[in-house]
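Chain lettering (A, B, C and D) follows the sequence in which the chains are written, and residue indices restart at 1 in each chain.
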Amino acid sequence: MQKILENALEIGRKYIPEGECASYIPELAKADKNHLGVCIRTRGMETFSAGDTKERFTIQSISKVITLMVALQHCGFNKVFEKMNMEPSGDAFNSLVKLDLTSDKPFNPMINAGAITTAGYLVPDVSFEDMLNYARRLCLDKDIVMDEKVFRSEMDHCARNRAIAYLLQSKGILESDVEKSLELYTRMCSLSVTAESLAGLGLVLSNGGRHPETGERLIDKYAVQVAKTIMLTCGMYDGSGEFAVRVGIPSKSGVGGGILAVVEKRMGIGIYGPALNEKGNSIGGSHVLEYLSKELNLHMFAAEQ
Amino acid sequence: MQKILENALEIGRKYIPEGECASYIPELAKADKNHLGVCIRTRGMETFSAGDTKERFTIQSISKVITLMVALQHCGFNKVFEKMNMEPSGDAFNSLVKLDLTSDKPFNPMINAGAITTAGYLVPDVSFEDMLNYARRLCLDKDIVMDEKVFRSEMDHCARNRAIAYLLQSKGILESDVEKSLELYTRMCSLSVTAESLAGLGLVLSNGGRHPETGERLIDKYAVQVAKTIMLTCGMYDGSGEFAVRVGIPSKSGVGGGILAVVEKRMGIGIYGPALNEKGNSIGGSHVLEYLSKELNLHMFAAEQ
Amino acid sequence: MQKILENALEIGRKYIPEGECASYIPELAKADKNHLGVCIRTRGMETFSAGDTKERFTIQSISKVITLMVALQHCGFNKVFEKMNMEPSGDAFNSLVKLDLTSDKPFNPMINAGAITTAGYLVPDVSFEDMLNYARRLCLDKDIVMDEKVFRSEMDHCARNRAIAYLLQSKGILESDVEKSLELYTRMCSLSVTAESLAGLGLVLSNGGRHPETGERLIDKYAVQVAKTIMLTCGMYDGSGEFAVRVGIPSKSGVGGGILAVVEKRMGIGIYGPALNEKGNSIGGSHVLEYLSKELNLHMFAAEQ
Amino acid sequence: MQKILENALEIGRKYIPEGECASYIPELAKADKNHLGVCIRTRGMETFSAGDTKERFTIQSISKVITLMVALQHCGFNKVFEKMNMEPSGDAFNSLVKLDLTSDKPFNPMINAGAITTAGYLVPDVSFEDMLNYARRLCLDKDIVMDEKVFRSEMDHCARNRAIAYLLQSKGILESDVEKSLELYTRMCSLSVTAESLAGLGLVLSNGGRHPETGERLIDKYAVQVAKTIMLTCGMYDGSGEFAVRVGIPSKSGVGGGILAVVEKRMGIGIYGPALNEKGNSIGGSHVLEYLSKELNLHMFAAEQ
């Protein structure tokens, strides 16, 4: 297994020169684009790591998975999807177009409009401290904190998300305080994780929401089922469809360079690689996952060998 | 002439039942939809009125014409149109779609995105008091004040415009303070005018920006030329093209029920009729203008008799 | 199992009054909207049927799955996806919008633009007779024929598909003869199947493309893997995302009222129910599948019991 | 006047290097991009020419003006605009987007969708020979013929227009024979004119549709009024708004390099300059017209001197 991970990294690294770190906020642009790491945590409680798996980076959009699950547990499926759909949008991740054309609901909870809506469901009942605790437990990583610098940088450059949030308010979708919802959303994006944390989160999700050792229920099992499905159809921005075909593992990427991947009933995989492709997904990480999927037969519809 | 105005009103009134007052803010919904008035002020300094021409109502989008002209005078043509186009959008007046798809500039200064951008050019140099004085002088009506109730009501329901403003900021188009630009824009929309004030404004514009009696220059003549042209192509929301064909007079409507019409070198026409058609234009007023255009041969391309 | 199927039908039938048969071609409008049938064929070679499972109807869009697999086998993955993506479109099934906005490629092979492109890959090498034979073998139903009346009716009302096909030609995507590609596409849509045929097709796909009894390879296994993934993300028109969440089984619907569902490594399910919901999917059939998914724990991410 | 024309050409020529000849059909790409000519014909029956005003080129989209006027005369205003609007689209000239999003009507008769619809109103009553005669009389140029080579080349590369035409049929907008309507439309685009012919057409339009010498009515006067208005709002593709502001003369351009301009009650102007700007308008010609408008005070809202 270790050898396979090393090979995967080697292949992934070849694509790094074609990618770029996110640059829309100055803090993200400071990442070292050559970093690449992959961590696998299995239901047999083995951990395999290669590359930069201890490096901390901000979770960014991967936090949408956590926020969605907590909202599902807190408010229930019907409430969460009363004013939001669960359809892939076919558009870039920060587009306003679809929201406006259809003039009713955000397409899904993985796009910014949907994630801000989801954050609004939690305001004011669930505090950021509550959410931080959820993140620590679900990622099996008690060291997660919020990266204050990234958070400040994001808040200083959030005009587009603020526009989305006020548009949601104008449509009666976001009923909580706009600025508080936006802040909670942005704080969650600024959580500082490692590839290992994401592998931990993936392992918990592959295990239906239970702690892999203790069996303790960490999050509602139906919330996990819904989250995994939406990761599959909407998790990799507007490259989700092709990723499902090529890799076939429910995954969620963030512009910080992370990818969370959940191999049903088998393992969690966490990736860090801040050089992004044109869809906003870690370019090295995507190739690592494609390689692992083939080598380890992880595609959900892989033919029997 | 008086008889023609009376006939025009009679025809316009027939369409009132098909229209509705604007309802997106509570204060506007309180208007009496049966009001209808038309005032003509000629370059010969005659004034003809019929119907509710002394009734005060808020100027709403017609203020975009004033703001545009002041911005052109204040900043110059190149600055105003550096980050804004002058093309009809083909979309409804408060749409975000076009701004996002083309991802660069507001389509024109008559849509909300463009008017907020234009207001931003004036902040902080030109105060609202300055603008109020411009409005009073250009409309030949020193009694114009801001309707405080409408202004408050608008600010309480401006989430969509706020979304537009932050989107403009995120694109680097709106560089002034967002909240101050939005406030100036909204204050201008809340000016309280009459059909007579609008006829006065129309007269000044038909006269190239000079006071019709004193000959004093009230606003830059090129600003007037530009404003009249943009009124013609973009002044009646997404009904501008058909209005140009049927009426052929540069006009600008507001959801408060007003219409400003400028008959080149001949007269200004002001209308008040708060029942709106589905495009957001005074339904009675549009028919009044169509009738007047035919009876008085006002179409810019009317064949010689 | 039989009892569960009966219950499923009972639930599905309750929704029929809310649905309507497709009416865009006269022949489809003649269907009896009260028909509803479900057939399950398992890898243990058991067949369970309830309701109208022997009724013949046209396969319509479900044929896109067959065409895609044959094209993948015939031309290879790279050729098929050289000028076509594999992303959900977020739009209605017969929309031209996306194709035009992005100005390059059809979104995926399950929308009309993509399926016509796919048909074009087969013209002129693969004849309709070849395709008919594929359909018969893959559906384990040698009685499949083309419904001549539906085919004629479709050809008489295919202006929109013809528009799509010429648009594809104008973009250099469809390089084969336009009319021949359109005809092959339309012939495939007119294949006359039963719920049982679709269960057969589902069984073969759940078995990775091999005949469930003889083990004979009927279609390339990678083509099957790709087809199942795309069914999951794009198979139920713009309701695919919600269907994946609620049902969690790769499925493909047709406006003739059929649904093909593939439960990985376990069974194929075929549905017939011509009353459609507003997305174009069998309304009774969708509810039948949702019920079966829950009762039989068929969701791909169902928590362990 | 002659001096002014020479100066105008000199200015226009400076921009030619920034433009490109239309290349979507091979025949158009063969034009000499350095050609530039301007012809003015006044109501006083004077003709002023400078540059390449005898050069023949295909009229292309300028024919839409002729077709619209004949359709208005033949079918009446209400019929022509029953299934077509008169609004600027805000989109590029050959876009399908708007037609599909709004899902009802072409935006105006100056875009391809609208012009094909208009041609359909004439089929089969008005033959191409009839239309050719209209063109000859309206342009005061009896030598106009169809350029057979361009026509063949266009028909060989008309997949996009064919797509538009079938889309129009699928929406019930184009009720005449699709191929015949498309052919009539394409034949009209292939008429071979000169800058002088266009100046003649402009003169007739500036004269309300009467022959400038004999006073004979050549086309209905209301048709002329409508055509001039639509030229003003929609005549220069998606640069129409800016052109109206900068030039202020109802004009129509074609990708063959021609521009028709109508100075109300004063003159017709014809331009030839096949190097196009990014909007599809003659780049030299646009600058020639802007210069002439300023020098000769031709802007419809030009301030009194």
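Simple rule for what comes next: a residue touches a chain if its C-beta (ideal position, glycine included) is under 8 Å from a C-beta of that chain, and two chains touch if they have at least 3 such contacts.
Predicted model only: the values in this text are computed from it and were never measured.
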Chain B to chain C, fewest steps along touching chains: 2
Greatest separation from chain D - chain, by CA centre: A
Centre distance in Å when chain A and chain C are each reduced to the mean of their C-alpha atoms: 31
Whole-Å gap separating chain A and chain B, where each centre is the average of the chain's CA atoms: 47
Euclidean distance of C-alpha centroids - chain A vs chain D, Å: 53
Junction residues of chain D - those touching two or more other chains: 101
All chain pairs that touch each other: A-B, A-C, B-D, C-D
Residues of chain D that touch chain C when the two form their complex: 95-97, 100-101, 159-160, 162-167, 169-170, 178
Residue ranges of chain C in contact with chain A within the complex: 85-91, 98, 107-108, 208-209, 221-222, 224-226, 228-230, 232-234, 238-242, 244-245, 248, 250, 264-265, 299-304
